[in-house]
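Letters A, B, C and D mark the chains in the order given here, with residues in each chain numbered from 1 onward.
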Amino acid sequence: MIRAGIYGATGYTGLELVKLLQRHPAAEIAFVTSQSQASKRLSDVFPGAPALPLVVGEDASLDEVDVVFLCLPHAAAAETALVALSAGARVIDLSADFRLRDAATYEQWYAHTHPAPDLLDEAVYGLTEVNRACLPGARLVANPGCYPTSVLLALRPLLLSDIAISGPIIADSASGVSGAGRGLSLTTHFVEVADNYSPYKIGRAHRHLPEMEQAVGWWREAAPAIIFSPHLLPVPRGILSTIYVNLAEEVVEAELRALYTAAYDGEPFVDVLPAGELASLAHVTHTNRCAIALTLTGRTLILTSAIDNLIKGAAGQAVQNMNVMFGHPETLGLL
Amino acid sequence: MIRAGIYGATGYTGLELVKLLQRHPAAEIAFVTSQSQASKRLSDVFPGAPALPLVVGEDASLDEVDVVFLCLPHAAAAETALVALSAGARVIDLSADFRLRDAATYEQWYAHTHPAPDLLDEAVYGLTEVNRACLPGARLVANPGCYPTSVLLALRPLLLSDIAISGPIIADSASGVSGAGRGLSLTTHFVEVADNYSPYKIGRAHRHLPEMEQAVGWWREAAPAIIFSPHLLPVPRGILSTIYVNLAEEVVEAELRALYTAAYDGEPFVDVLPAGELASLAHVTHTNRCAIALTLTGRTLILTSAIDNLIKGAAGQAVQNMNVMFGHPETLGLL
Amino acid sequence: MIRAGIYGATGYTGLELVKLLQRHPAAEIAFVTSQSQASKRLSDVFPGAPALPLVVGEDASLDEVDVVFLCLPHAAAAETALVALSAGARVIDLSADFRLRDAATYEQWYAHTHPAPDLLDEAVYGLTEVNRACLPGARLVANPGCYPTSVLLALRPLLLSDIAISGPIIADSASGVSGAGRGLSLTTHFVEVADNYSPYKIGRAHRHLPEMEQAVGWWREAAPAIIFSPHLLPVPRGILSTIYVNLAEEVVEAELRALYTAAYDGEPFVDVLPAGELASLAHVTHTNRCAIALTLTGRTLILTSAIDNLIKGAAGQAVQNMNVMFGHPETLGLL
Amino acid sequence: MIRAGIYGATGYTGLELVKLLQRHPAAEIAFVTSQSQASKRLSDVFPGAPALPLVVGEDASLDEVDVVFLCLPHAAAAETALVALSAGARVIDLSADFRLRDAATYEQWYAHTHPAPDLLDEAVYGLTEVNRACLPGARLVANPGCYPTSVLLALRPLLLSDIAISGPIIADSASGVSGAGRGLSLTTHFVEVADNYSPYKIGRAHRHLPEMEQAVGWWREAAPAIIFSPHLLPVPRGILSTIYVNLAEEVVEAELRALYTAAYDGEPFVDVLPAGELASLAHVTHTNRCAIALTLTGRTLILTSAIDNLIKGAAGQAVQNMNVMFGHPETLGLL
């Protein structure tokens, strides 16, 4: 059994992770932490959750665990990673701390000196489908952001091909409210969200933009810029990204489709939808899957890509990474 | 023109009142106050709202106004009422401060010494359909609570009749989230409310209970007790009360229907629905109406009663009261 | 492995059953049927569903199966049950056909001659917690209705006690829209349901009433009548029942609580909530659990009881029954 | 008083029109028609609606009316327009029949021979802010589509400027479900829409595309193509369009902002939002307003534009047009 600790279990991602690990046949939860709600049980914080005792992070016993999941605010995550790694635990970080390989970029976007810049080189970017091979030996995995997961899985086959692209890529994304966290804010008040749909931090203003552009840069030289427009959707969970790419030359749709089918052939969690179908939240909520559809209109390729932000966009992909790190079948506990 | 001031304009009730008064042909808004957001405009606080400047209550000029509406927390409302009345303004209080005629009951339920007990006798309980005759001369009107409005309009014809009732009356009510206010609380977080339905303060625990029982006591000696079970509904606005009354004797439905039809004949804002129809939020949201339906099953009378909590349950009824107080047609600006 | 066939897989209950059986470690799906969508795959009908081929019921091979689940309209279910039983399969019927033991009552409520009255005596009413002992030998199980599951689990410990009750029991229930099925009707149009809350068939008019009263009659002589008021809730899934019982004598809450705790001690899927907590949909959606809370106010006991209508109220309880029928741990595949 | 008839009053647009005309101080409703629900009253069809008698279109008396509103399916609208015009009534058509000036384009997109091609030249495209001057003399007004209203008001100032554009314009739009009408379809089933977000007819496949491109062609030579991606949003009403335009040259945001401020200065129903704000449904639902915001990122201009699809996108703009046609203040009955 993999013994797992969860730091920061009282957010939506932490709760989802608890649920996934509780039904996972090869993992068990050693501890769950909360700074603000310690001494309560998880069931006091979430109706219907398991009655696990919450402890403050400092009281969690790292001796008992093989892996820790960090569902902490940025900076706090990196600090905890340092502690956990030196205690011999492997770390899957669901915060942003190890996603960007460049400390200066991190500090520009997160307005914080990186607490552990020496670990950046070692951290594996945990988009499982992409970096699967690096996971078995990894000590530290940076679980990708939710928006980047939906956008990058959709773009990767195209970017790795030799089809030329012109101009910026536009990623118009819509996310359910759990993506905004459980903290209190007028932004997430039911009356403000229900019956509403609202863009925020559009253009080049959201912190997930540099994460996307970093990966795009890995996959293609002279990488296109991304225009990223997130919107808040009146649903609890799910992300749909509608992505517009101007192709520099005529391409037939069948060629594109073949590219994607080949890229994701055999992938248990990526569904390339048949021609004529478009991705929607209904394809993926409450699953670890990513549904991707291609629509070609003249030279504009429209990709629609859907995930559950809490599962494939966070806790599910973290468990998927854990499975690979520990030599288990990648789908264990996730179907 | 009636010159009106609104204290506490940055809650949902305040905003609704602003909208109603802006389209009212015989009223104009003299000022809107906010303690926390003063110096902003209302449009900074609510997208799409009019750009009225917000001032702190202390800076509002009472000289210019004929009437003030108090959308303030309890106790603060009574204190402001004292100031406004002595400046010569008439007062429509949307808080709970003058709803209960007995200061001791108030203090028991609101855990606060009443700031103006001497005004309690004078205050008119502003359930317009009931106390219409007292409004033209009123200086101070206590606008009813939202739940009591839905329950009391449904019960009154029965209670004023000589049909005997046995046992307690059960009022099972469901309210949209605007009823919980715009303050921040996990209770109103979108993810907690959406896809959920949850009872709270059921039995004899909610502050609207004594308000209901007070009116029931006016209308019938040896008044039945009320069991009141509010629930939070994943909608922005609206209240539906499903009310169960055990009749002590056999009554035919036609007699009950005649009772209600007669009671509300000519009432512009109370709709007694035809046999076979039941009240729902769709009948009333975004209107000042109350829809009431009767269903008789054996000796159990089930009343369903729906209002928009922000309109007939608050701002709309306040304007209805203002219309009567100032000698205008009761429906002015409300259709 | 239990080989299972599903008749009527293209409704919401059928889909839920497919999902549960696909992740069940001891069951496999032999066939899924649909009369209207045969020759399609299930994934053509539901985005993201498994790509199982749909066949018409007549083409399903009963030789290959140990058990069939009937997610069919009433009458069609009983007819299929006859065929399946004679082919040697065990039957779990999710329709109403075998819930009422009395054919005349069935015919009164369902306006249809019962197609298989001779089987009524044999059918086990599959409220698992109640009839667990009868399941291992059962050939035919009548899976309970969704509303009755939520109401009966809440009432049973009280009814089996010697605490006297006076007057009718009132069950005020709210259900998510999946309870209304996937057929097309203005009642389930998004615009009619969203922002709405509406009662329907209240009093003694809903088909689940005789099912509830039948069980109440098993548990108590001179059984109280039930007043049952269902409401349509703007959520996809979940049922909350708020149940009012007038106790004929003074009882202390601790005694009631002890009764319920004892009754459900060790039950994996029934949670008696601690004092001060109330049941809500959030406790149970996407699980096979029933959450029950007790609130005593004077002599009125208010029970709040929540289930997921598609799981504990349908497909989940069916799998729970299957587990017991086939000698597996009751929770297998359901946690 | 303007005497108005409404053809097709039992859809969402028809109902909204009834509500607007009922509170309009200078208009009265002469008749409301329905082919399928004739002999009922409107209140039988919509809970809470006025109890107007529904007649079949053939029985509507055109003698009594000054203007008719056509909320009919395409083709049926044009046929009724012919009848109404020859009876001397003015016509505001809310269908697509007279929006496209070219009969061949109409026939290509609507798969129907145009029933009244001779009227196409005469019809005024009723985007009020644009064609206000043509309305007083108009006999026949083609009320714009909902998506085109949101997109065209946002694009027009830019297109009329001399700022060069490169590549296609991308309009990524999200609409509430009332835009899909009240007809029955799995697409609008509550359970399919709630918690979902789904693109449909994206690229160059939706019938509102030629309407948008026609107007773009009026405003700019060598007009850019439009890529239009509608999405279905789990809300009853509202459209948000997020529009991406690649500018061919560097422009400073202040210049763009000045362009828009000037274009819409004094417009009662178009709000150009201040820098830093983005348009959302909350700005506009239940109003006749269009909120437009500008965000410049490098050479990409992102316009966010929000309307209520039933009001500014349909019934409200129709009344706005009526006001101008009959010489009333444009805002009459619409504030």
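Criterion: contacts are C-beta pairs under 8 Å (C-beta built on N, C-alpha and C of every residue); 3 or more make two chains touch, one makes a residue touch a chain.
These numbers come from a predicted model, not from an experiment.
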Chain of greatest Cα-centre distance to chain D: C
Contact-richer chain pair [A-D vs A-C]: A-D
Interchain centroid distance [CA atoms averaged], chain A/chain B, Å: 46
Separation of chain A from chain C, taking each centre as the mean of its C-alpha atoms, in whole Å: 37
Rounded Å distance, chain A centre to chain D centre (Cα mean): 39
Where chain C touches two or more other chains at once, by residue number: 194-195, 234-236, 280, 282
Residues of chain C defined as touching chain B within the complex: 166-168, 170, 172, 174, 192, 194-200, 202-204, 225, 227, 229, 231, 233-238, 240, 242, 244, 246, 278-282, 285, 295-298, 300, 302, 304
List of chain B residues in touch with chain D within their complex: 22-23, 46-48, 195, 271, 277, 280, 282-284, 286-287, 289, 291, 335
Chain D-touching residues of chain C, taken from the complex the two chains share: 12, 177-178, 182, 184-186, 188-191, 193-195, 234-236
